[in-house]
């Protein structure tokens, strides 16, 4: 009698442990997590080397992580998911292009690109923040279209601004920028190669990029431990409480938007550094959505997000995006990667938007 | 008025999470009779009406005991639609009208007469088209029944406030071809003249056999219009009496009443200095439901000043206005210097603190741990609990100090919680209130505003909160301004009590003053008949 | 009671009408996309044939009282005859496609050398419903072989490479 | 003195009325001012402009009109009308495969698209009901999400699963539909059904007015006017104004909202078929992307807002927006010597218009709430002379 008593409650508390693990992790993460592990397991069957796919995933995680991190400040301060991230991307592209125009290469080129883009990002972020403060409640929709219209506005600027550097300008016209500019000769992989380790000729680990990402994570973590950071979290959690404690809600929201835009700018530069190309014109138009999907996949909600969500989310999301197409392509000889990318990223956002939050009972 | 009881409520009792809101309330309502239902806020008036109207909030929280009898049969409504079907109409205080619709469309909302067309067979009954003439005809019929002239084709958005009220009543009449109409604070937003017209219209309705339950804080109106008055206090029926057998003074006494166990403040003379710490001149505050029109008062250093008065008369607006949480105007001098009341940050820095009446909405960060809730304001305004790194360039949150201050107050106020990291949402009302108090004490303010400190918390917590306030005033000499609708509480703790009526201070009394004197001030001496 | 029976009847009849309408439209509208080659062409037995002429295919409207009446009415109201001959012009070297409704059809082929008519002929063309596309290799017609040989005219597309379609109009 | 007073009095209230008018229709006015400059710059002849405008009016009005119902039901602009466009395109692919010709082909396409659009409409309505308060963002994301499914069906299912007889439609690898399909069979079949060309001289084609299409559009407008008079139309307007009040009076608000989305999706499908019939070619993978985008921009340019739109806004909007669309590449070329600028400019304007309209709408709503508070405050702060 005794043993089956305790193996009943063993089973029960195992069930219990499983149950609250599921509650904590939440269904989407578990489904995609298992799916990802399955894909990794299938690499040999699909005649792919585990090491290359793993290193591909890691490189892509490093590339996209900062863009996902950029979402945290605005979610914490109650501005919701930052669909206007492309605004930050434009500032980043501006910095990158100017650094190439001045012909700066290597790490110097990379950090000057970041340096140049930060003032732009602050200006854009400030104006964007003021706008969002006037439209509380409808932020997400307006952010999306502010992002779209600014990207398409800058398409015109890319055509007209007087750039000279031969690498970037159209061959025949001699004016206006090409749609993709290669950063090969300038600062491609300049960051990722620092102390990067290469095991065998297939596995490559971009330590530099991860270190930089870790630095930014630390800065954000630290920021949320300062007085201002705490105030921002309070504004997100209950604006009336913050106002009653003498905190200026609008100032905090604007600050969070500026930080988010700056991180967006840095994020796109790091992405280009590893990707090897700067995509301008309509390149950044839809790049905001994968970042939003990643942070949601990491467990963030529309009004609460932390750095853990960023790391888990980016790894799961990028893992799926690299592994699924290559495994399935080799199994079924069809290229479904585009469809996968759309369905998973948009599916995640849709899942988050249709959750019962206190906003829309 | 016929003598046949159309509605009877027998021994109605109701409990919300443990505290009893109604206990065995019974009254009858005859056909064509106007019943005035009066009582303090929280006396159970709206709960009683929610039971009559079958609102979901009642069934969701465990239903009620006792019987609701209509035309002699026991009924039980589990949705407002049953109540409407039984002929009961309810007009809430805030208008439930569609601004973009005309009066006709509002009156006949979801009851529009329809014309058949073939598509109905294919796509269902809602494809029928509206019969506009019939609609207009029926709307005019309902309006005439009220005896008021509303243009049936005018958009509600363009209507004066009075007309909106009549439109809503006409809708309730039409919707339920009502035999009973419940009006909850109908005259709160009306001007003098509009109220007159409304009362005349209600009398006309009553003559035509419609019984009316009229809930209002304006006792004078209730006395003018009602045939019978029911007075509720703390969920108990105090009296059910014909209007002509009573008068204003008696009704107020019933409403305010004096529970046996309260004792007037022991009158040991506290040496309160004459120095004025706060003086307010012609303050107005635009707080929804608690409009402050023109209030002036002075607070002496070290004193405990109380603000009483009926709900909706503006007493809660005063602290919210001074702390800049709502648009306000007028002059406020703190320690002699002019205070910019729109800047909450400066006011807190100067030494004002405020425990809000809206605990869950303004007072707490529900999703954050207890220690954050307690230390946040002090951290933001007085830069407490912060480690200065690189010579103050970075202000780092000192989690250790935050933990300690939280532990201190958890012990001091006996807050029942699992740890300092438990999130505020999971605590009981009483413990949450203690946290709000701790948050203010941490600021060690010069003057502390406390709004409805004991509303909706258990008796034990009530005692402890009041003790803490008294003790804090004695130990630190902090001036405290308490705003509460519990007159007993104010009398047991305050040195002086000001009564607010219709957005103005109608008088200031010592705690030992007679209840009737308080009652008179509450109802506004101007209304004495 | 009878109202919802009536309702059901109406709903069922609506669905039946819907299906009938689809079947009707399917049959009335059914046509054949015919791809026309009017350039150099290699026949199955390897001989090469050069396209010499611009070819006009006239798909005359079948004469019937209904057609005349419809045209009479429409020319009064709409200034345009409802049923008109379909005329398709295929210049030398330019392929193209036409769509011919699929019942029995009299088709007129006119071949022009520049402005003047070289050859005019009427053919009773039965479009075999089983064969979805028809490739009319008109290039096969040239002066020496003034008699159409059967298999040139109607041949199931097997080997010849289907030309990429023409330009894509942008919005 | 009297006369002078009422003169500047007159001036003052004229000015005031102008200001009110401007504040009511900021977006169309901005647009008209913009057009006044750019239209002459483009050096197009008036006849060409009219001709282009007529074809575009015929092509786009139906799509823009399909946005009216969800706005009426309080769900804002339904960017998920893209689902309707997809249903329309799938049915067009099918009838091209069956090679159905002319007007029968056109109507068959509509009939075939009905069940698909209704199904997608239900799905969209259900999801939007779960995201109350955030309908517009959710509908946009749903549009992108379904785009993934659409590509999956068209690129992979058509051929192996859905039988496609006409090999010419398939990609060279044997399954999946080609990117551009020539709708030769039904090209302009409705437009040419009753064509009237005016001002035709032998060397210039004159202005072609597609009467039949305009009749279809007129029918749709009557349907909307009639629909507003039905019970369900009234319920939709009620739910649109205040969902809670509508529910408290017994209206099934979720079902009403669902129906408004289903009808809107079906009409978007028909609109897309009319659109593609006019264009003549179907670019399978991107012709539906911009539909939601341009339809919303046109509607907002016509002075509609996210909570109120009428038929007048639609036609004014389509005219102004597409005038800009025709003119801007040439204007860009003539002003800045680069047609590509004009190209990007018109995309920018279409996004910008929606952004501005949303911001103005939300800002105005905040102002209105404040004004409401002010109104209540008015009769309190001025201490009324109480009869003491």
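The chains carry the letters A, B, C and D, assigned in the order they are written, with residues numbered from 1 in each.
Definition applied: a contact is a pair of C-beta atoms (placed from the backbone, for glycine too) under 8 Å apart; a residue touches a chain by one contact, two chains touch by 3 or more.
Here the structure is a predicted model, which is why all the values come from computation and not from measurement.
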Chain occupying the middle, per Cα centroid: D
Whole-Å separation of chain centres (CA-atom averages), chain A against chain C: 55
Distance between chain centroids, defined by C-alpha means - chain B, chain D (Å): 46
Centroid distance [mean C-alpha coordinates] between chain D and chain C, Å: 36
Between chain B and chain C, centroid-to-centroid distance (C-alpha), Å: 80
Multi-chain contact sites of chain B, meaning residues that touch two or more partners: none
Residues within chain A bordering two or more other chains: none
Junction residues of chain D, two or more chains touched: none
Touch-based graph of the chains, sorted into line, ring, star, complete or other: other
Residues of chain C that touch chain B when the two form their complex: 6-7, 10-11, 14
Chain C contact footprint on chain B (complex, rising order): 121-122
Chain D residues touching chain C - in the complex, by the definition given at the top: 95, 98-105, 107-108, 111-112, 165-168, 180, 182, 184-185, 194-196, 279-281, 283, 287, 290
Footprint of chain B on chain A - complex, ascending: 222, 225-231, 233-234, 237-238, 240-241, 243-248, 304
Chain D residues within the chain B interface of the complex: 226, 229-232, 234-235, 237-238, 241-242, 244-246, 248-251, 308, 373, 376-377, 379-381, 383, 386-388
